[in-house]
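What follows is a group of structures, each given as structure tokens.
Okay, so chain A shows up in both of these, paired with chain B first and chain C after.
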Partner chain A sequence: MNRQKIDKAIFQRAADGDHYAFKHIYDAYRDHVYNLTYYMLGNENDAYDVSQEIFLKLFTSIDQFKHESEFSTWFYRVSINACLDHMRKANRLKTRYVNHTETDSFADTSTEPVDSLVLRNQINTDIEKAIQTLSPKLRSVMVLRYIDGLSYEDISKILNCSLGTVSSRLNRGYKSLGKALIHLKDEI
Partner chain B sequence: MTLYCKNIVHLSVDYYSGSLELFDEEKVASHLRDCDSCRKNFEYIQCGMTAMDALKPVQTDPYLWDDIEISLQEDVRSRAMKRQYKIRQYKAQIRKLAAVFAVLLIIIGLYVSIQEMVFNPNDDIKPAGVYVTDRGERKEIQLAGLAYIQLNYDSHLQIDHKNDADKLIMNLSGEAFFRIDTDEIPVRIVTSSGIVNVHGTSFGTRARGNGVVVAVEKGAVSLMNGVKNKEASQLVIPEGSVGIISPDRTTPFIADSDVTNHLEWRYNKFVFDQSPISEVIAELERAYNVIIRLDIPEPEVVFLTASFHRDPLDIILEEIALATSSKIYKEDSNYIIRSVMNESD
Partner chain C sequence: MKTNTNHIGHRLVFYVHDELDERETTYIATHLEQCAACRGEYELIKKGAEMLASLKSIPAPRNLWDTILRELRSQTESFTEDSEKTHLPKINK
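Right, the complex of A and B next:
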């Protein structure tokens, strides 16, 4: 996903309450925020609510930021925390974080005679389900890496952890995901 | 260097993303050829990375902005209401503070008025009247817009003036300091030995039966040796000078004397410059309201030059006794300064 650069002046205008400046920032970040919330929370309804909450929070505190680099780091941190808060509130940590062995129950789509588009959608759904089986910590790193192609360094700043931790979590995340989806290896 | 399984775990992502150095990459590939366990792990990781790469981005709900906009408008309205509420609170606080401030001003005003009434009863704004001080007593008199007067111990001042009068006349017996604030009407100080005519000036006047002494601090005064005497002569005493009319009403003259010495009484100091000892004793009697009997031979030829603060009288008398070879005796509240020679008699 490509994100257009935002001029410093836009942040200043948004901080001054300029509606159009705020819409400009929304347009630049909406897909990233929506995808982040979607893959963190696993469904559109929650992604919608939490994305709205994140942008409203941005509106009330944007005057604290002058530079885009600081802004994106802060904004992703706010977004991840909003997702984790939402998960805690909904008590989803327990229900969604299932053991890896349960992933064996995924449908084995490779045997079904379906056309390529339907098969593609089914594979995507299986990947989404597999992502939801990851712990929130692993999922955060994976989603941030996926959403904006963020560097280890940016991810470590957003999640406030070391580079080694980011690397380790990515390895574990990919491995868990691969284990869950190994039967689809040839279709993916 | 040989790579072990534990070394290789963290290189897997970089290996598949192609970000390893060629040297490391060959070592990882070599290790994977020989290690089934790592090869299996790498297969999972490669599958996971491929799955994430294959993941399709979801489309942002087109209605999200509409809902955000509605919420923003509500938020703006809510902020405006909060702001208005805060403004109302501030206004209420300002009103309270203003009320408290007004009450404080009233209290301060009342306090000042009471202070003036209770503690400064002599600040009379009505000029006409008689002001008397006893021994040991001094008074301040404020004639609004006309003059400020300090009346020294044991003095008498009669002021004759009406609001529409074209002059201010004061009869002085004793000692006083005058600061005249008006130059619109003539001001005259009348004593038993002479008259002081002034316009907007400050000076001290002493009229204690032995003539008149006028010490001019600022401005100038004219000193006249009689009122109805046709041969009266008049002398202008300039600023910083001391004018004298002797008891026999001879022509006034300017004395070679320091003005400040004549005004030190205002600051609770006694300054005597070649003063007859009888005059010194009389001054102390007035200040301390006591009787001091002088029992020394030929007191009329004893003169004293000294400066005292208004310390306890015993201390001052001890110093005088030392200078006159005397001793101090106290009877009730009265004192006797007795010469040592008289004592031996």
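Right, the complex of A and C next:
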């Protein structure tokens, strides 16, 4: 996923309470945060509520940041923790079935033949379900890697663990996904 | 090596992402040719990485920003005296 870089001045303006600067930061991160919460929590309602909670938290803490690098580490940490808290509160650590029905808002799929679109949606649902079977720890690493192509080093800072732990969890996460989805061989 | 076998272990993830230097890449490629166990692991990890990368991005719902603004406004109204300190956005009504 691509993300627009945020200029230093925007953080200053946001810290001064500038509405447009907040909107700018929101626009740069909204899809990343929504995808993070969606793939962590596995459904649209929870993703919506927790995304809202995350941005509200951001708006009351923005004055702590001067640069995007320190900001994004903090922000992704807050986002992951908000998801983990939500799971704990809701006692939803068990495997869940994900019913994803929103098919009209995906980008760049409108010109594809219907059969291919149906197949891709089915594959996406299968991958979603497989992600939901991973433990929250493995899921966090996978989702961070997915939403912003974050490096192992960035992920280790966000999750406050070693590089070895990140690569080992990513290794295990990929292996579980691969095992769960081996039947999809060569369909993509 | 500290691992109890000479298998590749979780360094396979770096190999899959092509993030090793030439020497290590050659070492692992050679090992994979000779070791069925690691080759099996490698196939699964590669598959999992491909699956994750192929996941569709879901756009944030359009009304999310409005919901956030509404919530901020209600917080600003109930904490008018603290709004300077908490740096809530100034909302044009």
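Just so we're on the same page, the second predicted complex is superposed on the first by the 166 of 188 C-alpha atoms of A that agree within 3 Å, B and C clash if a C-alpha of one lies under 4 Å from a C-alpha of the other, contacts with A are read in each partner's own complex, and residues count from 1 in each chain.
Please note the rule applied: a contact is a pair of C-beta atoms (placed from the backbone, for glycine too) under 8 Å apart; a residue touches a chain by one contact, two chains touch by 3 or more.
On a predicted model such as this, the values are computed, not experimentally measured, just so you know.
A.B. asks: On chain A, do chain B and chain C fit together or clash when superposed?
C.D. replies: With chain A aligned, chain B runs into chain C, so clash.
A.B. asks: Can A:Ala15 be said to touch chain B (first), chain C (second), both, or neither?
C.D. replies: Touch status of A:Ala15: second partner only.
A.B. asks: Identify the partner contact of A:Thr73: answer first if only chain B is touched, second if only chain C is, both if each is, neither if none is.
C.D. replies: Neither partner.
A.B. asks: For A:Phe59, select first, second, both or neither according to whether it touches chain B, chain C, the two together, or no partner.
C.D. replies: A:Phe59 sits against chain B and chain C alike.
A.B. asks: Just checking: does A:Gln132 make contact with chain B only, chain C only, both, or neither of them? Give me first, second, both or neither.
C.D. replies: It touches nothing on chain B or chain C.
A.B. asks: Which partner does A:Asn81 reach: the first (chain B), the second (chain C), both, or neither?
C.D. replies: Neither partner.
A.B. asks: For A:Gln122, decide between first (touching chain B), second (touching chain C), both and neither.
C.D. replies: neither
A.B. asks: Superposing on chain A puts chain B and chain C in one frame; which of 61-69, 97-105 or 115-123 is the clashing stretch?
C.D. replies: Answer for the clashing stretch of chain B: 61-69.
A.B. asks: For chain A, what residues appear in both contact lists, the one with chain B and the one with chain C?
C.D. replies: In chain A, positions 1, 17, 19, 22-23, 26, 30-31, 34-35, 38-39, 44, 48, 51-52, 55-56, 59-60, 120, 123-124, 127-128, 130, 142, 145-146, 164, 167-168, 170-171, 173-179, 181-182, 184-185, 188 sit in both the chain B and chain C interfaces.
A.B. asks: For chain B, which residues count as touching chain A in their complex?
C.D. replies: Per the touch definition, chain B meets chain A at residues 9-10, 12-13, 41, 43-52, 54-58, 60-61, 64-65, 67-68, 71-72, 75-76.
A.B. asks: What part of chain A is in contact with chain C in the complex they form?
C.D. replies: 1, 14-19, 22-23, 26, 30-31, 33-35, 38-39, 44, 48, 51-52, 55-56, 59-60, 62-63, 102, 105-107, 120, 123-124, 127-128, 130, 142, 145-146, 164, 167-168, 170-179, 181-182, 184-185, 188
A.B. asks: Residue numbers of chain A touching chain B in their complex, please.
C.D. replies: 1, 17, 19, 22-23, 26, 30-31, 34-35, 38-39, 44, 47-48, 51-52, 55-56, 59-60, 120, 123-124, 127-128, 130, 142, 145-146, 164, 167-168, 170-171, 173-179, 181-182, 184-185, 188
A.B. asks: Taking the touch rule as given, give the residues of chain C at its contact with chain A in the complex, in rising order.
C.D. replies: 9-14, 16, 41, 43-61, 64-65, 67-68, 71-72, 75, 86-92
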